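Below, each structure is written out as structure tokens.
Below, chain A partners chain B and then partners chain C, in two separate complexes.
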Partner chain A sequence: MSKTSLDLQTTVHVEASNLKAYYLTEQQGVMKEVKAVEDVSFDIEGSKFLAIVGESGCGKTTLAKVLYGFVNSNLSIIGGRICYSFGDAQYEVSPTANTLKDAWWKKISYVPQGSLSALNPVRKLKDIFLDLANSHGVPFQEEKVKNHLKMVKLPPYILRMYPFELSGGMRQRVVIALATLLHPSVIIADEPTSALDVVTQRDILRLLKSIQVDAKSTFIFITHDISLVPDLADFMAIMYGGCIVEYGPTEAIFSRPLHPYTKFLLSTVPTIGDKTEKQPIPGSPVNLIDPPPGCRFHPRCPYGEKICAEQRPGLVENKANSWECRVACWLYR
Partner chain B sequence: MGGFLKFFIRYLGARLIVCFLVIFVGVTITFLIPRLIPGSNPAEIAVRRLQMAGAYLPPESVEPMREALLKLYGLEGSMIEQYFRYWRELLKGNLGPSFASFPTPVVVLISRSLPWTVGLLALTAVVSWVIGTLLGGVASYRGKRLWVRVFEMFSNAVRPIPYYIFALTLLIIFAYVLRWFPAGGAFQVGIVPSFSSTFVKSVIKHGFLPALSLIIIGMGAWFLNMRNLASGVTHEDFVIFAHQMKIKESTILKNYVMKTAMPAQLTGLALQLGTVFSGTIITEIVFNYPGLGTLAFTAIMQSDYNLIMGITLCSIVAVAFATLLVDLLLPFVDPRIQYTGGAG
Partner chain C sequence: MDDSLLTLNRVTKIFQIGTFLSKVKIYAVRDVTLTIEKKPMVFTLVGESGSGKTTLANVLLRVVAPTEGSVSFLGRKIESYKKSEFIRLVQPVFQNPYETFNPLKKVELYFRSVINKLSIVNHNGHAAEKIIDQALSSVALTWEEVRGKYLHEFSGGQLQRLSIARALMVNPTLLVADEPVSMLDASLRVFVLNLFRKLKEEKQLYVVYITHDLATAYYISDRIAVMLRGSVVEMGPAEKVLLNPLHPYTALLKESVPNPYKKQGESRFEEREEQILEIEEYAGEGCKFALRCPHAKEICRREIPADVFLDDVLVKCWLYK
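Then we have the complex of A and B:
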């Protein structure tokens, strides 16, 4: 990798401000909005590994799509914007503009949730790599691709094979190889390991981490499994009901969680020797079509106060903590 | 590669056995059906035809005449004996004489009609398949373009129209009102079939309307079929991922969407090509085209067992081999289907 590209990658800046994205669906003739991403803001600079954690249906995947600018007629950005600056170039996704598409795959790439079915079943892997190279005007050099495959620990002969001839873990590695082939500075991975067994999952996560460290790229990693985060991420964001409820360095959140939801989540992580029974979070997840007013967590929150039901708390810096943490909870005002 | 060849031969062997079994059963059934229809004895029919023509036949001479006819037609003896005799002759390539046009051999009658039918139907099947499949694939991808919607409306409008009404309309407009094309026949009466340019021109001119009617109907069906298949594929994860990878749209359309939808379409084409050998009665009647369809129709009306069996045999063999061809070709189109019978 040349020195200039290194310089560019160290100056990556991703800034999401008050991002709002809704799905428009029709139910019994009435147009309804699924408020999947509500008021999401964060800011990462340089080569960082950010994990976004949340339960199923909390809007994680939607956030990943929005961050990648992969919006269509169903999913639209209602407000806010996300800006990427790669040193020499700026791209943004907002209700009116989506210039990020120009940067796809060269500067920002995406590892989808359904990685196992993300490869064309009737096309040899070599042809898929060839399609990718041709589409981006990059010369296809088989030796380079083979070296690249070695980096993700895949044997070179898989280029002659079809996707269905590979195991789940291998297919996942192929997708990661595709995502990193053009050396993007930002990679968004949406639950890349959720369909894999635990051993394969650990290997893939190590691979992702090593890619992030070696290539000095920025990773946005979406997961429902908070126990994966400590070894991987520098920063983490906890999502609940479409909102980010807590944001901060992984270490800080794990050692001193602030938001009641984060506390619940962390209490579910099993540790060896721990004999206590795990308690489920009372109540049920948010209905994103008709979310509760105020803090979206308040119906399930044991510390709920009057204000929680009336006004949604913003994500504000928490002064009581020695780390730079931000939390969206009235308890900390 | 040696392993592949071994698997291929084993696969081919199994398929061939099935293929011949299908032909055997088909031939047996077509042998039985006309013989089991009451009142359709061809000898009786021939005698009746003579009587209807006004000839006086003394009652005592009818019976010997019937027997002589049966012997002549090869229909004497029990059903089992006939059956074995039929197979013996069939393997020698002899389908026997036609009863209605006695003593012309069935093989001659069929080979006179076959080229017209196969030429017309195979050509129209392939043309309508190619156009319908290509347009359907593109339409699934560019669903909102104006031409797609127009074509879709057209296909949907043409589909419920009964084919004979559609064909008659074409005939009335182009052959009677506009007089651009002849109203029937396969070539100008008086021209001797040869490879001269006048003959070829005449054949094209006569075949144009039947071909047009078949292509329009067939194309609409293939178009809708392919569009449905391919629009299913456009929502597959790998197509979405290809978009996210920003792979060229033309590559996605060709190699991701259409290639995946192709096995089902190709199967349909091969099976349709198999049915080409039985002709299309309605087209041939409406356009007065000398094909297998009309031949089969008259054969059934005249209880011409040998001819019925000859034509049915053609179509059984063609369908059986078309199926075999599909089985052999699919692994090339869809790598997930393998000769070994199991995926990797």
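Then we have the complex of A and C:
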């Protein structure tokens, strides 16, 4: 990588402010809104690794789509905006504008969950790399691609193969190689390891971390498995029912979780050597079509008070903590 | 033989892939011998993808016939059972609850047809609903929540609980659960694992639990068998095997489990410079782990290690000879 691109990457700035994105869906003849992302704000600067953790149906994949500017007629941004500044260029996604598409693959790229469905099954991998290069006006140099494959630890002969001939882990490496081919400075990875077994998962996570460190890029990593986060992320955001309920440095959240939901999530992680009975979180996940008023976690929360059911707590800085943590809970007011 | 629930004797399953010109034999399961004693327990088969654990589960469920070897259940060969007898004894729970049920049918239909086919009671009567309600209550669901609904109206967690409830309706002796929690959230995962524990204790149920995740395996298993490319390489009490793994492969699996409270230090297992195709491991003549093992010696690549018993743990590795 040239020196100039390194300089540019250090000034990457991602800022989401009061982001709101809803799906429109028809239920029994009535149009309804699925409030999948509600008032999400965060900002990351420079080479950072942010993990967004939440259970299924909490809106984390929707958030990933919005962050990547992948909005269509179904999913629309209702309010707020997300700004990317790459030093030399600025892009934004908001209800009125979406300029991020021009930056896809070159400045920002996306690693999806299902690596098999991400690759065209009837094309050899070489052609897939060729397509990507051609469609972005970059000359295709086989030697360069082979070197790039070496970085993700794939043998060069896989270029002659079809996607189905590779194992799940190798396919995920191909997808990562594609996503990093044009040296983007921001990479969004949506559950990149959820279809893989633990051994492959660990290898892929190590690879992602090493790419982030070597290329000094900004990573947004989305997962349902909180136990993956400590080895990877500098910062983490916990999502519940479309909102970020806690945000802070990974170390701080693991050593002192504040939000009741975060505490529950951490307590359900089984570890080897611990046979004590774990308790599942009471109640069932929030229905995003008709979310409860107030704090969306309050029906399941053991500390629920009157105010929790009336007003939604904002994400505010927690002063009692020496870390820079933010939590959305009435307990900490 | 009579003191065992399930005995596998040198079970082998060979799949052939490729066309006429390039036929390759894959030993999906190779020479597996194991016994599950008659004492309610959770027996775990653990291994990475492609280790043959699902094929072995399918052999237990009589979905796949072994190429060689035999499986006995309660002292009889499993082929000798009539289908209706066998499904009352052994029931499956699959990985993906969205694929377990037909999206075009009401989910309650599955419960009704269990009652109908096994002629427990009249299919339409209130008695049928009562039985269904009982089955559902063991997984913390009610008949009201299920009645008249289709697949898409349930969450993944509810569907997985429904598929367990369906399996439990015939009061089976053995539940073969293939990755039942890998698609569930942390909270529901704990719920299902606790349910297996409870069923074992209260209903004297045997569970064959198949997973790649050693942490959940430790949480519920009594005995464990570690599978690698078709063979069992280590087997014994779960506590012993997981706390002090003998085989380097088990150690790798253990190390791969993410532990939020322990920073991962330097690994004994350095990643290879280049990924290897699974087929290369299958094709190896000796120990299938030899290509990745930090202790690999000449003999490992040449010969399959023999069974070695250290106390009550079986291990197949040339390190213990």
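By our rule, the second predicted complex is superposed on the first by the 333 of 333 C-alpha atoms of A that agree within 3 Å, B and C clash if a C-alpha of one lies under 4 Å from a C-alpha of the other, contacts with A are read in each partner's own complex, and residues count from 1 in each chain.
Just so it is clear, contacts are C-beta pairs under 8 Å (C-beta built on N, C-alpha and C of every residue); 3 or more make two chains touch, one makes a residue touch a chain.
Every value quoted in this text rests on a predicted model; they were computed, and no experiment measured them.
Undergrad: Contacts for A:G114 in the overlay, against chain B (first) and chain C (second): which applies, first, second, both or neither?
TA: first
Undergrad: Decide which partner touches more residues of chain A, taking chain B and chain C as the two options.
TA: C
Undergrad: For A:E33, using the defined touch cut-off, is the partner it touches chain B, chain C, both, or neither? Pick first, second, both or neither.
TA: In the superposition, A:E33 touches no partner, neither chain B nor chain C.
Undergrad: After the superposition on A, what does A:D234 contact: first (chain B), second (chain C), both or neither?
TA: neither
Undergrad: Touch check for A:D225: first (chain B), second (chain C), both, or neither?
TA: The second partner, chain C, only.
Undergrad: Please indicate which partner A:E55 is in contact with in the superposed arrangement: first for chain B, second for chain C, both, or neither.
TA: Touch partner of A:E55: chain C, not chain B.
Undergrad: Based on the superposed arrangement, let me know which partner A:I281 touches: chain B (first), chain C (second), both, or neither?
TA: In the superposition, A:I281 contacts chain C only.
Undergrad: Pick one for A:E15: touches chain B only (first), chain C only (second), both, or neither.
TA: The answer is neither, since A:E15 touches no partner chain.
Undergrad: Can you check the complex and tell me which residues of chain C touch chain A?
TA: So the residues of chain C touching chain A come out as 48-50, 155-156, 185-191, 193-194, 197, 212-216, 218-219, 242-243, 252-261, 263-264, 271-275, 277-278.
Undergrad: Within the complex, which stretch of chain A touches chain C?
TA: Touch residues, chain A against chain C: 55-57, 150, 153-155, 166-170, 173, 196-203, 206, 224-231, 254, 264-266, 268-275, 277-281, 284-285.
Undergrad: Would you pull the chain B residues touching chain A in the complex into a rising list?
TA: 236-238, 240-248, 251, 255-256, 259-260, 333-336, 343-344
Undergrad: Taking the complex as given, what residues does chain A use to touch chain B?
TA: Of all residues in chain A, those touching chain B are 68, 70, 101, 104-105, 109-110, 112, 114, 117-124, 127, 131-132, 134-136, 162, 164-165, 175, 178.
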